[in-house]
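What follows is a single structure, and I will ask about it in a moment.
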Amino acid sequence: MVKLVGQIIENRPIEEGTFEMIVAVPPTFSYLPGQFLHVRVADSYDPLLRRPLSIAWAASGRFGLIYRVSGRGMTMLSRKRSGESLDFLGPLGQPYPLRTDRPRAFLVGGGIGVPPLLGLAEALSEKGISVTAVIGAQTKDGLLLLDRLQPFGKLLVATDDGSVGFAGTAVQCLEERFGSGGERPQESVIYACGPLPMLRALDELAQRWRIPGYLSVEESMACGVGACLSCVVLRRGGPGESGRPQVVRTCVEGPVFASGELLWEAWEQPKWWEDTEETPT
Amino acid sequence: MVKLVGQIIENRPIEEGTFEMIVAVPPTFSYLPGQFLHVRVADSYDPLLRRPLSIAWAASGRFGLIYRVSGRGMTMLSRKRSGESLDFLGPLGQPYPLRTDRPRAFLVGGGIGVPPLLGLAEALSEKGISVTAVIGAQTKDGLLLLDRLQPFGKLLVATDDGSVGFAGTAVQCLEERFGSGGERPQESVIYACGPLPMLRALDELAQRWRIPGYLSVEESMACGVGACLSCVVLRRGGPGESGRPQVVRTCVEGPVFASGELLWEAWEQPKWWEDTEETPT
Amino acid sequence: MQDAEGQPVGSPRLITQLGPWQLRSPILAASGCFGYGREYAAYLPLQRLGGIVTKGTSLKPRLGDLPPRMVETPAGMLNAIGLQNPGIETVIQAELPFLHRYGVPVIVNLYGTTPEEYAELAARLDGVEGVWGIELNISCPNVAAGGILFGQSPILARQVTEAAKRATHLPVMVKLSPNVTSIVEIARAVEDGGADLISLTNTFRGMAIDLHRRRPVLGNLSGGLSGPAIRPLALQLVWEVAGTVQIPVVGIGGIVSGDDAAAFLMAGASAVQVGTAQFIDPTACVRIADELEATMNREGFAQIADMVGAARQ
Amino acid sequence: MQDAEGQPVGSPRLITQLGPWQLRSPILAASGCFGYGREYAAYLPLQRLGGIVTKGTSLKPRLGDLPPRMVETPAGMLNAIGLQNPGIETVIQAELPFLHRYGVPVIVNLYGTTPEEYAELAARLDGVEGVWGIELNISCPNVAAGGILFGQSPILARQVTEAAKRATHLPVMVKLSPNVTSIVEIARAVEDGGADLISLTNTFRGMAIDLHRRRPVLGNLSGGLSGPAIRPLALQLVWEVAGTVQIPVVGIGGIVSGDDAAAFLMAGASAVQVGTAQFIDPTACVRIADELEATMNREGFAQIADMVGAARQ
């Protein structure tokens, strides 16, 4: 948890609309897969805020960010050149727990959720876990980082339009593997990062098959360090808290949450939030 | 008066803290010395507005801007690289009249007012006018474009601290020339661009010696094209207007005004502006 | 699209019913940011605009405020022009005929220091060729008398509206000030006073300080804030007013793109005005219209009317 | 500079008399932007701050507003946190002792739905170790009851102030809402009610629309605008209030640099609070203090007090 300035070594498109930035940092820099940086993209105050970006990978003295050039912030980031400096906070947030008690890990990534799985795949495979990456996208062109994940284990690919691999979502693809008996739930752990609908579907799948799951959630962040309470989600209360839901910060208690932990309905059901004066918390 | 996009050919420091940007434009592009462009420096809305910059020179298919990297806007401009495009409006405003009825021209520049004098010196010398550039600055290091002006005629240099050339202001330097009889007022025209105090002093000098003078004024501009009424100054009314002062726009009726035309007191004396309901204009 | 004379008129999908007016586009040029149209005629086809709201015009000519009149702020600008204008007679004689040639709807923005002055101005414009309506500026922060004072009191706002309505057959749009505790109260008063349309918002009162000169930057000390900085504030006001009055609302404040315009329409505005964006991009009013059409395509709206209030369901 | 324990305390030139308090710096952390200090302790030396205004605290815990709670706007951000907080008891037991260790002045920002609740909160803090004062938040735009309502009525604003003053010996700072017709009227009411200091401004009510979902972005629909976008508006309000009341004024709104802080001081504020800037730069409160000292050198001010109101002469 520090404010740092690194030097950009490289910043270039690696796939259509997606950039990789490599940044030099002191060799003491280390992170755990799933953690993110809060990055300043402009000197100006428009855009105003930092942007959260997962660390895709790190090696001694450098790390990589992989980002889709979508909005204005990412466009500005993509204009930075090697030699310029990058102002960032981090590593921030809770990483994926590296479970070694089960031999097989399924890393499910959708859209721009794939980058953090890269470092995770490496870390897990180093620990002797058999890694299967399940990468989904709408079409063939949206699939990210296949070649970079390949070395760490198996690769399953899903496209909504069936243009390559499984025809359907990454979650349906995984469902099919368990359903067909091709994979054993009791030996498996699921790690995921991607859009909300994907995470919800995976959460349901993981609970149904009783597979431990770890889901990385993306919420809009202002401070990134837990001070502003912008990025909250509702977490089911544990038995010790007599089951009362808790408001937790994606940037500090997350972005990785365990399957079964989150009250997804909170995104839709104002009742959890309304009349909080009345709610006995 | 058009909105154009040119391609930046070069953008680099030419002197300490001063950049020259060379921009490629269609060969039909032409301007008159004293005119300016209204330049977009950022894609973002902070800074919000365009920046007025004099055209320093133009040749077939290209022109040059010379600017001091002072505030945020100019810093952003200095970061643009060759190959990128420049979004500008112009040429805008009234140029310096090229007076051929008098043989000698004194081009007085202070601080960042020197750039427009470059193209002016060239145009006047092409018309057979004998050009003397009088360049002033606080110290030696602030003197701009001496080498570039040299080819077009004589060069007088003034520094406040006397570190080089005449010890004093450019205006005092000029005063001394006329006072000593070294130059003939009745054969001379003064052209100037620089800070307000310099212009006021020159205006006084020109009127006292009965020398025609043309002064380029810098006011904050929003639209740059005459629509917003931000950039106004007060002009003395001509006889036909029964002497009533007129509010004129620096961007349209200026930036070049004739000596004797402006009511400098208007900057200090609210009475010209107050109770305008009462003022019979 | 072209009209009978081969002039571009824009897509038929942008046609907008704004109260009594059928306009070619929901994008109008805002008062004070488009002069009387002359300056921008070289940059964009005026006939493609939904309309032009002129610079604020008073009975007598006004020199306006002491310079400096403008200072840039983060994503915004402060202005204190002080309603410099040549007076209604000169405007009618020398300015409006130019605009009339383009056939673009002209709405004359009016400023007075008493309800009677507003009435006199409104009456004077009745029947003037090319004038489609008037906009009462009861919200200028940069003049000592009148202006914002009328916009900050429901009673005065209503009086000014009634006075103008009685004096003219032209549709009357009343332009509100954001510097009030309850915009809804003022909007209701103006509606009760007979306004045909409400436009909002005028600028927000603001200040910048010159550290070196140790005084406020602007000659007038205070100025009015405009530009993208105020967009979320203006959107909120439009949301509140459109949920309150029955007459159409015209949204103004920081609009620089088609998406921005769409946000105001979805909040309940029937059309919008574009001001400061013109200074950044002199083609803004037409570019924004084109972008708005792209937004309609992307978000599945067949016509402007379908977007109006779409975020209120 | 260091204190007896070798901790950095900043330049003596930054020492600021703010009403009853002598502070090490005129830069305080604004409520809701610094939590209860824990999160930023790793990024800056807390003892260098002029003070920390805590997150808004209520009698009972509050879950706050439905997400999304934040959306970026040009040079600003809208938030609708809805005063999520663990309640006054937990704050006193679990949060304040942490801050007390740093010796940094703590001002507890309080939120209630009735004058009695404010009084109860104020009384509860009386004598709590490390608490230098309270700030009454009568200006939160993101809660249904209380909050901004008190800040929009002179009578209610005065009642809340009086209730709190009667209940505690602590100095009472009252934080005003900008969403009023006359800030001066509210400021006077609060001064008459016995407030020791006035702080302003809280956020401006604003909205952003999600075009795709066809509804306002924020769970709470509206939110409060903060950041550089509002700086000229906040400066204007400070100018008006400092010209009206005798009690010290604390300026808040979009301050991101030492020059910005200087502008508020010159407009008449005796100190400032920094909010949103912390999110962009977690060292902001200390960096701004250092920059302010550079500004003082450049502009020729020997001490903070000399800058206060310097642009008003």
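General observations
Letters A, B, C and D name the chains as they come in the text, with residue numbers starting at 1 for each one.
Keep in mind that, in the parts below, contacts are C-beta pairs under 8 Å (C-beta built on N, C-alpha and C of every residue); 3 or more make two chains touch, one makes a residue touch a chain.
Quick caveat: nothing in here was measured; it's all calculated off a predicted structure.
For the pairs B-D and B-C, the larger set of C-beta contacts lies at B-C.
A straight line joining the Cα centres of chain A and chain C is 46 Å long.
With each centre defined as the average position of its C-alpha atoms, the distance from chain C to chain D rounds to 35 Å. The set of chain C residues that touch two or more partner chains comprises 73-76, 227-229. Multi-chain contact residues of chain A (touching two or more other chains): 45-47. Chain contacts in this assembly form a complete graph, since each chain touches every other chain. The touching residues of chain C, counted against chain A in their complex, run 74-75, 228. Interface residues of chain B, counted against chain A in their complex, comprise 42-47, 72, 76. Interface of chain D with chain A (complex): residues 32-35, 38-40, 42-43, 55, 60-77, 79, 81-82, 84, 113, 145, 219, 227-229, 256, 276, 278-283. Only residues 1-3, 40, 45-50, 89, 219-233, 245, 247, 252, 266-267, 270, 272-274, 276-277, 279, 281 of chain B touch chain C when the two sit together in their complex.
Interface residues of chain C facing chain D in the complex, by the touch rule stated above, are 73-76, 78, 152, 179-182, 204-212, 214-216, 222-223, 225, 227-233, 235-236, 239, 254, 259, 262-263, 266-267, 295, 299, 310-311, 313.
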